[in-house]
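Chain IDs A, B, C and D follow the sequence of writing; residue 1 opens each chain.
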Amino acid sequence: MIPTRADYVAWRTVTTRWADDDVYGHMNNARYFELIDTAVNAHLLEATSLPIRSLPAIGIVAEVSCRYFREMGFPAPVDLGLVAEKVGTSSVVYRIGLFQGDTSDDQAACAEGRFVHVYVDNTEAGRRNDGSRAVVPVPDAIRRVASALLQEQPTTGSG
Amino acid sequence: MIPTRADYVAWRTVTTRWADDDVYGHMNNARYFELIDTAVNAHLLEATSLPIRSLPAIGIVAEVSCRYFREMGFPAPVDLGLVAEKVGTSSVVYRIGLFQGDTSDDQAACAEGRFVHVYVDNTEAGRRNDGSRAVVPVPDAIRRVASALLQEQPTTGSG
Amino acid sequence: MIPTRADYVAWRTVTTRWADDDVYGHMNNARYFELIDTAVNAHLLEATSLPIRSLPAIGIVAEVSCRYFREMGFPAPVDLGLVAEKVGTSSVVYRIGLFQGDTSDDQAACAEGRFVHVYVDNTEAGRRNDGSRAVVPVPDAIRRVASALLQEQPTTGSG
Amino acid sequence: MIPTRADYVAWRTVTTRWADDDVYGHMNNARYFELIDTAVNAHLLEATSLPIRSLPAIGIVAEVSCRYFREMGFPAPVDLGLVAEKVGTSSVVYRIGLFQGDTSDDQAACAEGRFVHVYVDNTEAGRRNDGSRAVVPVPDAIRRVASALLQEQPTTGSG
């Protein structure tokens, strides 16, 4: 089931770059992930008005994936729809739809990403001997913003 | 369950780049996918000795994901282990373990990618009116190389 | 002499990405060149309304440089100003100013790129035995668009 | 005058990536700069054995350029030759030759980069109100390593 624009709650538009396209003339699969983590982080920055990179707890990527439905590429911009699949104790799962062109509600996504942020202790005290960092609760400000992205009506079949 | 070096069949080593690391001082999540598709495509190029980009059937990425277990980054090189999870009629599913540092067999991966190639008609005749391309069988030369990556002993718990 | 917004003729705005910033928290020097060649190519595509990648003559990059005056980075967008320094027989030299923030005319650039396109024969006949391609005149449609970017009043001290 | 392998003093080899190649089937011009700053920084890291990112003085890129002589791309590795053009009070200018294939001394470069590092105060005290940082002398350890890259016999015509 390919998600449509109607499946997402918040939106961001990003521009594409000449170098996004690979030898086949369309956006390289790795480049989609630059757009995906930009959409999540830019939304968090803007909606929380906080310097999210330097908070005591920061979100690190535990898992990310993308399903590709239709080719996409330079030069048109890309609209990214955001929806939260789950807001847990220490993690948030986002789904991100990527669209290019047609802006009607029933427009099918070119691709859909799924992005899992886990919050870890960003203070020196939280750094373990092996270099890893302690998992901590999602900060309140992030939780509020992420919860507002939850799809209230669970009737869509996407994802 | 985090996979170890013992879970993979073929290997490639790639160098890391200064620009791979993001503001947190470790490799950005999108950059892992540049390494993942490089490992798959370089292995196919080398093992088939064919110009895989210009064959009548080409593999396009239908889905890709990565789970991140431990931070990794510039300047050390990255060893990528390849294993085929499935060789289907028109698609191949690879799992790619990313390792940095310790080279013992029981070394846990820093990350594991999963990469799905679907083969499509690369000739003009195979291009549909909507720009998409017809799905075709995995070419024989690719099938042979991919099948050699299947994990013969299904006793590992990874993936 | 650092150029200002007043030194450029045409404008494009691009969005920045989380992965643009490196370990020092600002845009990595290589990323500026993704913005620079995007600005040139997107302007040519739009102003000529031609599929510039598949014309009989294509512009390849012979030389590019960037001077960095002030840090720039995610998440704000970047305004790129374009001016043609020279429109030659077979080549065009562009200068591209990169700006972030303040939009007044006397705003100093964060960086300035200089980008040299040389036109080569994109047909099979134009491919030499050693793989290189014959240099050809700038196509008329490109010449018209590039010439419109020439700074008519040579009184600015920039560059 | 195209430089040859004989014009460089120290060497590093890096691997190429599938995503390095753009729609024309060769390495995108911006990607060369990922290789160039990797060669410089990896050499400094290794030759000084110091954590160069967290020293009191860090090198920031003031200017960088690249001249492209011959196409280059995935999948072959790239050899980068390093030579110091100038070691000044607060800055170092490197030239970096990029080679692919033939390893004979008189092999012409595919491209040559020129990379200018200026050293700035990386301590909190060195941060000015406008966000810029005070220029400081090149650290001794860096100066020793960079000076060893100076071309002793100024008889080559390159650069």
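Assume contacts are C-beta pairs under 8 Å (C-beta built on N, C-alpha and C of every residue); 3 or more make two chains touch, one makes a residue touch a chain.
Because the structure is predicted, anything quoted here is derived from the model rather than measured.
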| item | value |
| --- | --- |
| Taking each chain's C-alpha mean as its centre, the one farthest from chain D | A |
| Distance between the centres, which are taken as Cα means, of chain D and chain C, whole angstrom | 23 |
| Whole-Å gap between the CA centroids of chain A and chain C | 30 |
| Chain D residues counted as touching two or more neighbouring chains | 18-19, 23, 25, 28, 30-31, 34, 37, 53 |
| Topology of the chain contact graph, where touching chains are joined (line, ring, star, complete, other) | complete |
| Chain B partner contacts - residues on chain A that touch it in the complex | 23-24, 28-31, 33-34, 36-37, 53, 58, 60-68, 70-71, 114, 131-132 |
| Chain A residues within the chain C interface of the complex | 13-19, 25, 34-35, 37-38, 41-42, 45-46, 53, 74-75 |
| Contacting residues of chain D [partner chain A, same complex] | 18-19, 21-23, 25, 28, 30-31 |
